[in-house]
Amino acid sequence: MIKRFTVLLLLAGVGTLFAGLLLGYSPDGELNATARYYADHTAPDIGAANIVTAIIVTYRGLDTLGEVTVLFLTAAIVGLVLARGRRRTRTEQRELPPSGELLTTGSRLLVPLILLLGVYVFVNGHLTPGGGFQGGAILASAILLMLLTDPLRRFSHRLISALESTSGLVFVGIGLLGVFFAGGFLDNRILPIGNLGSLFSAGVIPVIYSFIGLKVGAEFSSMLVSLSETEDS
Amino acid sequence: MAHIALATGFILILIGLYGALTNRNILRMIVSFTVADTGVNLVIVAVGYLRGRTAPILDATLPAAEAAARIIDPVPQALVLTAIVIGVGITALMLAYAYKLHETKGSLDIADYRELKW
Amino acid sequence: MHFEWMMIPYSLLTLFIVVNYGLLLTALMQKIGARVGRRYGIPIWQNYIDLVKNYGLRSSITHGVMFYLGPVFRLSGGVGLLLFVPTIYGSVMFSNLSFAGDLILALYFVFFGALGMALGAGESGHPHAAIGVSRGLSQMTAAELPFALAVFAVALQYQTLSITEIVAAQQGAVLHWTLFTNPFAVAAAMLSFLGSMMRPPFDLVLAPQEIPIGPPTEYHSSYLALMQTNRVIFPIAKIVIYMNLFFGGAASWPVFFLKVFLIYLFSLFVGVAFPRFRVEQSIRWFLVWALPLGIVAIVLV
Amino acid sequence: MSTIMLPMALLLAAAMIGAALVAIRGDSVPIAMLAAGLVSLLASVLFLLLAAPDVAMTEAAIGSGLTTFLFFFVLGRVRGDSKHD
Amino acid sequence: MVSPIFIIAAGLGTAFLLGLLRDEWRAAAYGLTLAALAGTAAIAGGWLWAFAIDGAAPVEILTAGTPAPFAINLRLGLPEAALLLLANLTGLLSAVYLKDTLSHLGRRAMAVLLIIVMAMGGIILTRDLFNLFVFFELIVISTGGLILLSAERHALGAGFKYLIVSQLITILLLIGIIFAYHAAGTLNIDGMAAASLVMLKGGSLAFFLIFIAVVAELKPVPANGWALDIYEAAHPAFSAIFSAAVASASLFAVDKLLLIGGPAWLPVATAIGIISFVASNLLALPQTNDRRMLGYSSVGQVGLILTVLGQRDILGDSTLFIAGGILFSHAVAKAGLFWLSGLVAGRNLQDWSALRGQPLLIFAFVTFLAMLSGLPPFPGFYAKWELIHLLAGHGRLVLLALILFGALLEAGYLFRWFGYIIKGEQPTEVIVPARHKLSVAMIAALAGWALGYLWGGLSAHNNLLQTLPLLFALGFLLLEWLPAWIKNSLAIAGLVAWFILGYPGYDPLQLIFATIMLLGGALILMASYHAQGRRVGFYPSAMLMYAGLAMLIVAKDSFNFFAAWELLTVGSYFLILRGKHSEPHALSYIVFSLGGAFLILAGFALAAQGNSQFSIEALRQVAQPLAPWVFVLLAIGFMTKTAAIGLHIWLPGAHAEAETDVSPMVSGILLKAGLFGLFMLLMHMGKQQLYGVELTHVLMWIGALSALIGNLLAIFQEDAKRLLAYSSIGQMGYALFGLAMMNHLGWLMALMFVINHYIYKSMLFLSVGGIAKRTGTRLMYKMGGLITLMPLSFIAVLIGIIAMSGVPPLSGFGGRWIFYNAIMTAEYRLPMILIFLSGPIAFLYLFRLIHTIFLGQLKDEHRKIKEAPFWILLPQFIYVVCLMVFALVPGLALRRVDAYISQFFPQGALNWEGLTITSDYGYWSPVSIMVVVGVIFMTLFAWLLFVNRKAQKVKQFNIVFAGERPFRPETTHFAWNFFAPYRKALGFLTQPLVTGFWETLTDLLHTAADVARRFYTGNAQIYAIHFLAFVVVLFLLSRGV
């Protein structure tokens, strides 16, 4: 009880802080200098229609590299930790109810479609909303669906891992190419920036975003697969 | 609009923190943190919102020349994307911890993990 | 002042006078003490007899090297003390060997004999000897304190550490004596004097009943003779210092004899009137009564 | 347009807060997880209103979808013998 | 140069590449990891070289080919390069150390390790706020991951606590960042600083959130429970990374933030830092777990550096030097200690005794210990010197005091730990460190020395690692494999040579001290010839002490003086610690000494008024309101070394428990260092008044009380060496008293005591040591009657005690005579009463010493013992000769000094014409006295011998004993509680008031710490609440201000 009260009291303090922020907040009428720069320069310099994507992949590419690394780390750690737990094997498997016919059939139908959607989302990341992360998550949901239909299904860890690592390497590699062939690390202009709005535009952004998509998909899948393969603790 | 989102975000954060600090079940603590994370994301996006403007995606209706006058601030959105992904990473890590802790002691009560102190 | 060879016979002469006077004086004091106690007392020449007898005895045992050295230290201390202090004021003959050092030398040389005695007693291996030494040293430290303060007060008063100069400063009239110019110092010193004379009430060191004669328990024959000699020289040497510092010194032997006698009598006087103190009592007594007098003396100078 | 958006936003906000309360104080863990997912989902709608389609997609796909599944997977693993629920 | 972006790219690329390898190719993966880390370290090293040696300008690295505020940019300058190197090297060495663990865990664990190192690089390099956040999150996740992977059961809980608090931090940080962005319109750190974020609307709150979040990464007290649990539980090599590298990177992040915050936030940083520093060091006191204690120490050190960063307004250009010095000392030492802790099986501090018998490991440990405690010649020492001076110069005295207090606490528990290692119970198991682990620890230790050299070069002062005496002392570390007698000869030769080299340059006062410390030291070392074997550890310690002494007497400025002071303190500590049961005493010695040293440091700093170059001579010019305070600080500092009453409680144990030949060194020689300091102080500052109190009068009282209480306590000791030790307190009291009289003869007397005390105390300690060696006990009542068996020792002791008691004709009397002459002119007389009382008391303990050991009854078990070893006797007889010569012709040593003192006190010089020494008041003729006494003595002796020539020595129990023959020596030897009447009369003066005071103080500290640490309940939610409370309180405070 004392703890709850203390927590409430402290949160009241934090709330005061937040209230200060809220009351002191006045929406900007105009874009600030940074945002204005992006609004003005994205199209001519980067060639991406989706300014958010341009920021994520290029202007703040280093953040994204870190972000991808976070997922890589998490996947690696979760995989490793859970792999060191006992693995469920088919023989000592307790009886699981078989999945319904509908689910099985549905998944067979849906999985390719979902995969396609995922690819679409990240390939078009520089043009439309969405991108590597969203696309990757969609890819992973296809795997999820497969796991739900057949919990005992095995996926090749090596394949997932190789996909993940290769994508990461390519990301870093492309970034470094920027140092040699363009204005700096992660500069997208090692490829022509093309026409605004077309698929092959925005320099290397679609490539990077595609690999991010693959990587994120692989990582989420790897987490899900690891979790699903683990024995109950 | 932005104020509503901001306020909601802050309230979510406070609710999430309250949950994280008062629930003794580890899983519920993690759940509470995701609520707080959502609140944070909401706050970030709300800060970048400009009244009456559109999403920062150029297309036929939004030529590049008009972008500066018509789009909202894209930077917070970019930040939030990163924050979401990082958030899920941490959540996953915490879940892995929850699993491992449960494996060692068979308990999900945070109060049971106090061997180290003082 | 420098050393001259003639000093040696003169010093020996002083020594001779003092020894004889000491022998007689000690016996006299014994006798007075006895009479006060309604006893007959010893004959006046008794000390001569004892001394001759003891010197005549040939000892055939020893307890070790320090046992030998103890009496030697003891007597050297007494003789040295006497010789480092001028006896007769204004007399070159009887200023002895005081060229070697001043008042401080005398003050510290007192310990020389005590140390030797204690060492010899220790070597004898007798527990009573050690007990006596323990008591003696304990008491001495407390008793010396007021005396040291008084000496310091006197030295400050006359702005010198030379005994001769201190005596010189007191000449002219009785009222020039330190006794009158600095009574607190003298009072402190005289109380201290009681403690160093091994007489009641401060004679627990020798405590004849409990620890047969204390430190010298194991000594006999010629060893004892040396000590007895010292026992007649040492008090007088000590009294000479008192006389010089506080009572105007002595310009001639008769004055010397008289002053020494009177100062000695003072300790006897107190001794017959008071019972014996335990050591811790006497320590406290010196610190409570004599020490403040000494402090006052220093502060007032 | 804003005439519809404002009440909608308010409604969403209220719903999110309600769901959040369920998420932290709900009776059972699975319901709490679902409620947290719901908060995310509602948030993604709010993001759309805030002209952030990218964020909305991400929140829906990752924050709401994947995270909830992760929760359930782990819950499934630790549930069997957990006594201190 | 290779672009620093490759540091990040290489780390990440390798991490990804590891994913491609087969799980079985662990060796390859490990090799790749090491190569990557080595590569990145090489890049960082290259840049460091470019900046430091070639003076290159800092470089900006743009990403995305877009100018700075719009894309993320990195910056690399000198501090960044240094920190990068630190992070990468720590990572590399930890990876080497972790060879087995990493191979076991596999490539993914290596990837995590690579990423944490990479992330630190990111934190150091980036100039973008959000990017900073991303890298912080990477650190959080990889930290959590490493802990999770190491799979220690306790570590799991700790890791989870960490994640929970990290979540809170993340939330605050993100909110802060977005509002800062909103206010400033940029995410660039420099841009925010340029826009003065904190001035903008909403900016200050946003900055508060960012600041508090990043500061929380430094684990400030009290928001740090989780961190301590991690330090306690994680694999030590991981902890090494967390403590050394991650903390450094986080500090650098805070430093960047302070750029935004501007001067207004500096006090906040200072406050958080200093509270962490003091509190965590206090909390570390009652710790028994090594790693947790190291954790507390880490938190403390980081707090100290934060304090330094917060003081940059006054530190100015020195900030880098100071913060860097402390930071690198901390990082290297802490990493090293964590690595060492991996070699020790037990987690209790006492278990570290397993290090014993491993000289290399002990060397490494000592290096780390010295680095953490800020001892010379390590960077922390130079940094501390500058820091304290600048603080004093700007009047930030409270901060100065807190820093010194915290540092003392830290030194206290660190040295206590070292004591456990050297003196703890015999280790149950011997550790056999794997070669790669050993190399890692040794590399860290050597890096520490290299940094010491570097910082010495960078400092405006003498590079201590280039000073000959110190190098000579350190050289003995390399000679440890030689047998002791060779090293001993070398040491003696070194001391004598150094004396001869310096001889022309000494003034008379220095000459006296140099003679005693160098030649005297060589003389005592002769006794060391009796030691067998290699005597590992003895010579480096002893020579370190002598090096300090040699440097002390010629020091011209305060820096060299203080450095020498610290060196001799440390050296003597190691020496004292060598004794069998000396552990607690050595600890109390080092704590008192360091405390004293800190006071000296503060005194010098105050006097120098911020100017770190300060010649000792300039003490004369210290301005008035300050001067008495400087005087007080320095005087107390020096008096800890002379063990003046109140500060004396370390001495008896330390001197008594030391080895036979060490006791004379620390008593005969070391104590004089304090006197030398006091000489310097009084010579240059003269009399000072504080609130109308004449400070020299206070010193006189202290001296007199020391003399009295020291002597009084000495007479009640049963232990011979303790008796001598207490007697030293008394003797030093005399000397202090003489100095404080501030007249010619007073100083001469003090010098006389310097010489005399050296001679007879060295001699007595050697004799007693030799006897204790033979009898196997130091308790005097267990001895007795040894005169026949050990006659030579007896003679030495006899001469010694006669000299010491001041009885003519030996040299002690000279001291007394000068004393009396000196007090004649003293203007203040009351304390003399105490001195008068203590003189005869000295006589009591001296008699007791000789009586109970040599006289009385011989014990049965000692009937067959032999005389003390030759090499212990030899110096004693050289001392006897010295005493005799000094007694006869004191002018030999004193005459020149007398003339020298006339510089300061023209009045009252002695007249040395002929054989008689005359003063204004009296005279003294040593030769005559000797001759007169000698003649009388010899005459009587000869006569007695003659008459008793046939005397037979009787058997032991042949005494007159009430008609009985006692036959048990134990009951017949009157020795125990020898001065019982004295105890009855004056025992109340020996109440252990001072001991009680210090014990109460330490108990209080311990109790406070013990109560305070309950605060860390171990519950993750409570820790989170601590953090929130920290935020809220700081928020409310910052609003209030």
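Lettered A, B, C, D and E in written order, each chain numbered from 1.
Basically, contacts are C-beta pairs under 8 Å (C-beta built on N, C-alpha and C of every residue); 3 or more make two chains touch, one makes a residue touch a chain.
Keep in mind it's a predicted model, so treat the numbers as computed, not measured.
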item	value
Intersection of the contact lists for chain D and chain E	A, B
Groups of chains joined by contact, in the absence of chain E: A, B, D | C
item	value
Chain labels contacting chain C and also chain D	none
Between C-E and A-D, the pair with more C-beta contacts	C-E
Chain whose Cα centroid lies nearest the overall Cα centroid	E
Averaged-CA centre spacing for the pair chain C and chain B, given as whole angstrom	99
Cα-centroid distance, chain B relative to chain D, in whole angstrom	11
Whole-Å gap between the CA centroids of chain A and chain E	55
Whole-Å gap separating chain B and chain E, where each centre is the average of the chain's CA atoms	50
Junction residues of chain E, two or more chains touched	130, 134, 137, 141, 144-145, 148, 151, 175, 179, 181-182, 187, 1021, 1025, 1028
Residues of chain D touching at least two other chains	53-54, 58, 62, 66, 70, 74, 77-78, 81
Touching two or more other chains - residue numbers and ranges from chain B	2, 7, 13, 17-18, 20-22, 24, 37, 47-49, 55, 57, 75, 77, 79, 81-82, 84-86, 88-90, 92-93, 95-96, 98-100, 102, 106
Pairs of chains satisfying the touch condition	A-B, A-D, A-E, B-D, B-E, C-E
Sites on chain E touched by chain C in the complex	785, 787-788, 791, 798, 802, 805-808, 813, 816-817, 820-821, 823-824, 829-830, 832-833, 836-837, 839-841, 843-844, 847, 850-851, 854-857, 916, 919, 921-925, 928-929, 932-933, 936-937, 940-941, 944-945, 947-948, 950-954, 956-961, 972-975, 978-982, 984-986
Touching residues (chain side chain B, partner chain E) in the complex	13, 17, 20-22, 24, 26, 29, 33, 36-37, 40, 43-44, 47-48, 75-76, 79, 82-83, 86, 89-90, 93-94, 96-98, 100-101, 104, 110-111, 113-118
Residue numbers on chain D that touch chain A, as the complex places them	53-54, 56-58, 61-62, 65-66, 69-70, 73-74, 76-81
In the complex, chain E residues that touch chain B	130, 134, 137, 140-141, 144-145, 148, 151, 153-154, 156-161, 163-164, 166-168, 170-171, 174-175, 177-179, 181-182, 187, 225, 228-229, 232-233, 292, 1013-1014, 1016-1021, 1024-1025, 1028
Residues of chain A that touch chain B when the two form their complex	3-4, 7-8, 11, 14-15, 18-19, 21-22, 25, 27-29, 31-32, 34-36, 38-40, 42-44, 49-52, 55-56, 59-60, 63-64, 66-67, 70-71, 73-74, 77-78, 81-82, 85, 127-129, 133, 196-197, 216, 223, 230, 233
